[in-house]
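Would you mind keeping the following structure in view while I ask a few things?
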Amino acid sequence: MDIFYSGMALFLLMTLIAGLWRVLHGPTPADRMLAAQLFGTTAVASLLLLAQALDKPHLRDVALVFALLAAVTAVAFIRRAWTVWEEEEGDE
Amino acid sequence: MRQIPWEVMLIMLPLTGAMACFFWPRRAITLGLITALGVVVCVAGLGWRVLEQGAQRYAVGGWNAPLGIDLYADGLSLLMLMVTAVVGLGISVYSIGYFERRQAAHFWPLWLFLWTALNALFLSADIFNLYVTLELLGLAAVALVALAGGANALTAAMRYLLVSLLASLCYLLGVALLYHNFGSVDIAILAQRVELSPAVWAAMGLMSAGLLLKSALFPLHFWLPPAHASAPAPVSALLSALVVKASFYILLRLWLEIFPPAGAAPGQLFGVLGSAAVLWGGIQALRQTRLKLLIAYSTVAQLGYLFLAFPLASSVAWKGSLYLLLSHALAKAAMFMAAGNILRFCGHDRIVGLDRVAQRLPVTMTAFALAGVSIIGLPPSGGFIGKWMLLEAALRAGQWWWVIILILGGLLAGAYVFKVIGYAFTRAGVLRQTSRVPMTMEWAALAMALAALLLGLVALWPLSLMEIGLPFGGGDAG
Amino acid sequence: MSSALLYALAGVSLFTLGLYALIVHAHLLRKILAINVMGSGVFLVLVALGGRTTGAEPDPVPHAMVITGIVVAISATALALALVLRVQAATGRAELPEEPLE
Amino acid sequence: MIVLQWVFDIMMLFALLWLAWRALSSPDLFTAIVLFIAFGLVMSLAWVRLDAPDVALAEAAIGAGLTGALLLSALARLNDLADITHDRHKSAAGE
Amino acid sequence: MSAAGRSRHSPAFRWGLLLLLLTVAGGLGYALLTLPDQAVGLSEQVSANMATSGVQNPVTAVLINFRGYDTLLEMAVLLVALLGVWSLGSAEVHRRIDPQPVLSLLVGGLAPLMILMAGYLLWVGANAPGGAFQAGSVLAAAGILLLLSSKRFPVRLMGWPLRIGLLLGLGTFTAVGMTLLFVSGGFLQYPSNLAGALILFIEAAATLSIGVTLAALFLGGRPQAGPYR
């Protein structure tokens, strides 16, 4: 069972690295940001798996904090970065 | 009857004062002055205790080292605390006249937090706790530099912040290595356990590099002149007199207690860099056209002297270096305060434009000249005693070449001090409107300069304080 | 070589990498990122070395130190970012001038 | 199991170093910040791996979350400021 | 922005630096390899004293009890950073805020969840991973979300209520420490029967303060309606 969970975590870590490609090459900032958000989701998933595999229930708290805090970066991105570009297009 | 733990009061009083000043910005000046007086009383209390009972160790929270954090006060920490209290009181008085109400509301809490950090640093016996105090000190100092506003001060503050963070991280990495090699962060315990290994060498390199960067030893001094010259005058005084000395103090503690087995080679390197600082700082100071920059470069030079004790590494040399440190703190505070007065009076600090300041601001110029006496190292000032002791230590160790540096440095200092005084007596080409300088600012500067002189007249008392707890080892009494 | 040591070595690499970027890059925002990377490196060394004894509970003291360090790091970062904004407003550039003063 | 662990460790450290390197060298600042946020994330996973869940929690909240938000908002303000100064120069040239 | 990656140093300098830093890294790596094989930390002392520390989580015990003085100073560091940011100038509050229904829906759901999470982390910190700093940062995240989405800036709260929030943690820590000095005879020396309660009390205040301070740091300046207007 342990090997199954750890293997899954490893697999998720690999997807995480694969997702980096989008961050580096995503044409718009939104692409990059979304890729980073995807990272967060992957990390949450791997944490939940590790919690099960290592029998450490407190890792679920870490996963929960990840999930919640991902929202803050996303909103910070939307509120700050996004409005600036909208103004640029809309105002002129 | 339970004893009052003065060392705890020394840290918690300015901390509480800072919080109070932050909470009641309108009452900041009153609250700040009360706190400053309170701190002086606490230093006196601690001094009395140390004189009567010898070095003091206090376990915070009742947990003794290595698990907990100890506060430690011996003669060395006591002298640092005393000079901080004297300079701090002077700066507190000076700043009443200097800052307008709005700025005072920012200045006081930051300054009291900085004072907290200084006291905590001089009392700490724990290298990780020292890291926290260093960060507190650094952030407060940066914020105080930025208080001046304007492009110069802001860029200087930014540079200072980056340097300070970099230095703290180097120091912390060293702490990590020492902790994992010997299982403690307490200086006394480390001193017992330490034995030379590659990890200790690495820790020594990292911690020394970080602390040298913070205490601006040549060639790592590049951040100091802009920061010290563009800060508000009381802040410049603070930085030059106390803040750079704090990191030097940690370096001194580490080298005296943890790293002695490392041998003489690193000490020689410090000595060479110190000599370079004395000469380079002196020449640069001489070349400056602005008074505050001149004084800032003079700080670079004077810091160089302190490192001359490392190659000599005898009790006399350490004491001489500490003596120079104390008198430089007082004299440099006086100089920057005087420069602040001149800046306020003339509206600029160009040296050639010091239009007869000597006649028109006699108290300020007296303060500058007296501080200059100590900086040059003429008798009967504190600077003279310190240099004399270094000279003696150098001759006794047969390393005569340091004597040349001491003499050349003194000549350079004489040249730049007299350059300022000379222009202060003559009429400038372009005459300008002048503005009034508050009495408190003038007399605060003079008081600091007189204290620096006094340090030369009562030399025996500080020297006997230095013996308490034997921070410099016993042996050759001088 | 244990995995604890591996992580500590990675910490040293992060420290050096950050130091290089701190010196080489001119933009202040990137210098701040570099300082943060250096900090992470130091924290990694601090915690990783505490777990050298395999099987035992890791040492909690470095953990507490690192939590302290993380909070110090974010305080410094926030102050630095606020300063960068003021520097940009005052000089028009988020870089330090080549010549320190005048 | 042991081999899997080693592979996991090495991949994680590789990801960590690579993210740090790219965050500090990619030409676009926004990308750099996003990579830095991802770096904080992997850092937090590293703390979990090192059996330091308290630090992992702090890193997840501060390192990956709040620092990222701070950096993003600072970058947006910097760009705002640059636009304002740019506009000022443009209008000054026009008048 | 595109110029951000540019460097002003010559290639020779960069290569020289790279070489130097590689040497440094090599030296440090070698130093790490020579450390003793077994960790020589303070685990034993910590576990020996856990019974009287008042909590079950060793990291919380170290942070608030054994080395609580470090944490006290660190709270001061946080406050100093805020003072520094405030002394630089006032914050620019959003110039134009459009009503965004999705965002307010998101925030309306998330913020209470975060506050709940902060409370949970604070509570659980006594015997499991968690504690004041983690809880405080999650609280700060909730605050930042509210700041980012609120249609109106909470001006009325920006005077002394804000300052109380900022000072609460450091103030409580100091007050408890000093009270203990006069009651039990040692600064920050918790009596073992009260330690758990006192630690929770300090942590609760610290959580609130850390949350408020970090959220205020996010504003990037002194709130306009602050005490210095």
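In order of appearance the chains are A, B, C, D and E, and numbering begins at 1 in each one.
We take it that a contact is a pair of C-beta atoms (placed from the backbone, for glycine too) under 8 Å apart; a residue touches a chain by one contact, two chains touch by 3 or more.
The shown structure was predicted, so the numbers you read here are calculated from the model rather than taken from an experiment.
Looking at the partners of chain D and chain E together, the chains they share are A, C.
Between chain C and chain E, the least number of touching-chain steps is 1.
Among the remaining chains, A is positioned farthest from chain B, on the basis of C-alpha centroids.
With centres set at the average Cα position, the gap from chain A to chain D is 12 Å. Look at where the CA atoms of chain B average out and do the same for chain C: the two points lie 27 Å apart.
Averaging Cα coordinates per chain places chain A and chain B 48 Å apart.
As a whole-number value, the distance joining the C-alpha centres of chain A and chain C reads 22 Å.
Listed for chain D are residues 5, 25-26, 29-30, 32, 53-54, 56-58, 61-62, 65-66, 69-70, 73-75, 77, 79, 82, each touching two or more other chains. Looking at chain C, one finds that residues 13, 15, 19, 25, 27, 29-30, 45, 49-52, 57-58, 61-65, 67-68, 70-72, 74-76, 78-79, 81, 83-86 touch two or more other chains.
Residue positions 4-5, 28, 32, 35-36, 39, 41-42, 46, 59, 67, 70, 74, 77, 80-81, 84, 88, 121, 129-131, 133-134, 138, 141, 144, 214, 217-218, 220 of chain E each touch two or more of the other chains. Applying the touch definition to every pair of chains gives A-D, A-E, B-C, B-E, C-D, C-E, D-E. Residues of chain B touching chain E in their complex: 2, 5, 8, 12, 15-16, 18-19, 22-23, 25, 58-63, 66-69, 102, 105-106, 109-110, 113, 116-117, 120, 128-129, 132-133, 135-136, 139-140, 142-143, 146-147, 173, 177, 179-184, 197-199, 201-203, 205-206.
Every residue of chain E that touches chain D in the complex is listed here, in rising order: 1-2, 4-5, 57, 59-60, 92, 121, 129-131, 133-134, 137-138, 140-141, 144, 214, 217-218, 220.
In the complex of the two chains, the chain C residues touching chain E come out as 1, 5, 8-9, 12-13, 15-16, 19-20, 23-27, 29-30, 45, 49-53, 56-65, 67-68, 70-72, 74-76, 78-79, 81-83, 85-86, 98.
Interface residues of chain E, counted against chain C in their complex, comprise 3-9, 14, 17-18, 21-22, 24-25, 28-29, 32-33, 35-39, 41-43, 46-47, 58-59, 61-63, 67, 70-71, 74, 77-78, 80-82, 84-85, 88-89, 131, 133, 210, 214, 217-218, 220-221. By the touch criterion stated above, chain E contacts chain A in their complex at residues 96, 98, 103, 106-107, 110, 113-114, 117, 120-121, 124, 128-130, 134, 138, 141, 144-145, 148-149.
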